[in-house]
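I am attaching a structure below and will ask some questions about it afterwards.
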């Protein structure tokens, strides 16, 4: 059933002699990724740095990242899942349909060559970007890449890492996991954590109009989410905690200005590889931190007579 | 027969797993009125939302637009639920027996991880029909799901046994990681049908775009389809198998797994 | 005291029958012809459980509307002494005569019976791990890849208690009268569901007794008391009236007592024709069999 | 002020064996007498020092990685509903942090030792431990594959290595040193393993697993850490690993050490087909090595999630099970592998594993040196400990279980022949007094004057639906009642025990440039600031290194 085979970025820096960037444009979106962690750095076991590494870029268009690559594979939009799955078969020496492979924009020969290079690697890594995880197929595109990397370990050392979005996405994921057991799409409405992406994930809830209030923290959905979701946010009482005015704060019923985390508020940010980094406030802020505000809201809510803890679970609901 | 009439559409989803013959059978109407349901985080009573009529029975009729009512028929083992109108997510999830009929539309997770019984929806349904919940290794274990209209993503994901037949068009990943059972797509499906399937049968009566990891085997009429045709005819669903009309193209895969699954695509004579 | 039917004496005796187990095999094919071919082949050399380990016959030919897969078919009944034996015989016979026969598929005719024997569940191994199975409505079917396409066979077959060895003895003035009567009886009996007549053409001319008087090693030998040509020899106690010169027997296996009685009743009636002297039945004084069918009860 | 009266007290550290006596509590400590305040009537009940778990995995990057990997387990898990003073959570194979605290306390355990912390993500481990309520915590730093340390050991610079280890311990704010599959994890970074104690492994010329073990044991002793080197031997789970385990004991002669989850290291045979119990041989060697302690790492039939820094083993397990597989390598320090697993009583291998854990606890003669664990969640969940207690105390119950095993499995084990039954006194040793002593926590694991008032009170007659230890009537933590009538009623956050071993102040000058070369975060972000621990309690060490 595959799984997730990954590592911290230092492992890549010190060991990776082969890397695939898939569905991302690191040169522009994660500029320091190349220089700090992966490509150009001299590593403990890759003393020649860039010369010691092979980089493959898989993307739908020739971005500036392509220049940095030793091999650029241009794939037709929306064909990542097909390509990754065909590659899984080819890596194992199982048959694929040449004509249907070519619908991905690549030939069997190209995939065979890639498979051979991957097997020759001493330490291989695949980074995949949102060009993969946010296009048609979503989590299954990611799943295909993760499974490919896992299965490669039957031949050589191989790991895989998603290039997460901006902000502390990983941090939210990490904290939700240890407090609720699930990374995202969690509902606490029945008094205990439940997980069901698509049912409880934010965009889906808003698009279906399943919520009658919203508290927005460290995000600006008003700028990024689909219009129906934004429309619902403006229909319901929406509360925004944000140091600055945002698209969301403009449509919100309430905007509480908070101290900018990392600048005026301490905390922890998690790198895409889940390495925690402490944030030390540099400047004082007249505004409360997000944490202060949330604590005070919770206390106020708990003090309300109407607040009652949920009764017993009538059934274990998935 | 117990009849529940929805007073109005709840403002947020209402979780009502108590709407199951196993729960209502043998309860007085007052006891049914007092059963707990959950509106968001608040516990409420059935009669806050439904008028309850009729008399104690394992036959339940639900009237009104229950599109926001989740978990109807959850884990039911017997009896009959008839919904005149729409229904919310998780209809008949985990059910092992009995029958659910819906005259309107269903939502996601219809019959998820069910192990027996029959669900019939006349209108459209959402995604993950008869599927495995996230992380589970196995979806639908047996039983039958019939959808008159269209369906969404990941129909029959990781299903192991049973039959899912869908009249209208189906979206991506039908039969994803399928382990067994049969999916019938009367109007075909979009992309990645049968992706990563290990075992099982996907029958499409319309041409399908196939993954590169499926290999053509033969064009023929599998005798086993005659059994399915007979079974489905009893449920008002026609599966062609007359050689005068055409034959099925058999593709096997998914070779990336590697899987022993099959996709059978109906190829009308002269087409 | 003896009774008569259309001038034929019906001896006041009984047929003595035994406990057996039966399975019902439904064979379907592209045409009725191929279904019959497979059925005939499967029921060949299955006259006596003593000599063939099994008794089998075609119960009926089935119209397409009455078969599981909507194709013309044949219903075959197979009898043996116990479930184990029945299972292995079915595997042998379905494997050699149905799996190999063009266009056929093979289904259990007793799906509601709880005691079951593996048939497709064993034959699937012919697929050398390339076979696959489908499970529908509580029944599992195996699809075995063959050169023609696929052989479809149900995983397990029901077996239930049954009755074997019901019989009628037709005593006539001459061979042709005996044969005409026996043929008439067979034709009538074959209209009855739930029974088979395992012997060639439904008729047996070589009735037997248990063991032998003169060869110690024989388990069965000719039924001398009904053999006209040895009448009058020293040491022979003939059962035949003076006017009888030829005897034919009809042996019946049935799924239950009702089917057996009905078959014997219509057979007895049809056999009462001119030049038939007497109709009687074979028994062992009630010592061996558990099921007794009095001929007079059938009148 | 609080008094517990009329209970049968089991306090092995003070030689008290089932004596009916009162216990007085004041200011969270046990005192000679207390006037006023509440009195708990413990007549007909058993009074034990709160349980101490010497080896568990309840917090940190690896476990949290596992949580994300098994939503199906969480879904089936026991649910904790949030209330006014209780947080929501899920039990199961990989409980959420809050549930972890409730589950341990709900069973009568009040101190846990998280056995695997990488320096790089220690910050995160402490965040989780802080959100693990009620119980006190300590944790151990993964050292046996830390390349900074290995390079020094390879170069024979044992003294500098000691300073580096000491610096890292304080940087990570931990309590002790853990060694997992020495050398094997480093080799796994190349997809290899280190299976021979006295042979070098991928990436090193002269260093061997044996040298790593000896070096770290020496360092831990010289630093006089309260807990000895905590060792997960090489070849975990591999048939025939008995040889490695006994060899390891020889390498450790003259040193203190704790052998973790010994059950996974006591197998004979040369493959899965003929794998069998070598518990007798391992116990025999262990009985002779009085410098060692160990914990059982017992296996219980049912679901588990295997989480270990032992990457190579996890890849093998993934290939055997074909189930999900997670792997997370941490730069220059360690790695971890995760594979959900089901122990089946019909499986010969699993049946042997189940037996070996119990055999070891029955064959190791000194209860002060073997402790009750399941290497949670690897062999089974910690909340199933009461089941194991039952198996140890009731020989008939035990033999009944053995008889249920496949005939072939019974041929491969000796459990059926063992008649030893643990007394309540001995149970108190292996669940509390022993592990507390091995951890060097002088205020834990006993009920003497001055001890922390961590107390579990069980009904003498277990509830019909549970085992003796399943439902304590009362549990006290630091004198506060956290379980009443079997219900967890919240409680405080619990402390974290840490140590500050001495190191040469100059060592940082050695580490910094090296760090900047091989790591990817800024050196100043590496150490965990003391103020990030909400309730640290620094255990003082002897002033000068020996």
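Going in written order, the chains are labelled A, B, C and D, and every chain counts its residues from 1.
We take it that a contact is a pair of C-beta atoms (placed from the backbone, for glycine too) under 8 Å apart; a residue touches a chain by one contact, two chains touch by 3 or more.
Quick caveat: nothing in here was measured; it's all calculated off a predicted structure.
Taking A-B and B-C together, the chain pair joined by more C-beta contacts is A-B. Distance from per-chain Cα centroids to the pooled protein Cα centroid is smallest for B.
Note: centroid distance subunit A to subunit B, computed from Cα atoms, is 32 Å. With each centre defined as the average position of its C-alpha atoms, the distance from subunit A to subunit C rounds to 72 Å.
With centres defined as mean CA coordinates, subunit D is found 46 Å away from subunit B. Residue positions of subunit C with contacts to 2 or more other chains are absent.
Among the residues of subunit A, those in touch with two or more other chains are 1, 188, 190-191, 195, 310, 318.
Residue positions 71, 75, 323 of subunit D each touch two or more of the other chains. By the definition given earlier, chain contacts exist for A-B, A-D, B-C, B-D.
Subunit B makes touch with subunit D in their complex at residues 133-137. By the touch criterion given at the top, residues 1-11, 13-15, 36-37, 44-45, 122-123, 150, 153-154, 156-157, 159, 173-175, 177-183, 188, 190-195, 268, 270-271, 274-278, 302, 309-310, 312-313, 316, 318 of subunit A touch subunit D in their complex. Subunit D contributes residues 59, 61, 64-65, 67-69, 71, 74-77, 79-84, 87-90, 92, 94-98, 120-121, 123-124, 127-128, 131, 147, 189-191, 203, 315, 318-319, 322-332, 335, 338, 517-521, 525, 529, 532 to its touches with subunit A in the complex. Of all the residues in subunit D, the ones that touch subunit B in their complex are 70-73, 75, 323. Of all residues in subunit B, those touching subunit A in their complex are 11-13, 15, 17-18, 36, 38, 40-41, 43, 68, 71, 74-75, 89-90, 93-94, 108-109, 112-113, 127-128, 133-134, 137, 172-173, 176, 191-192, 195-196, 210-216, 254-256, 258.
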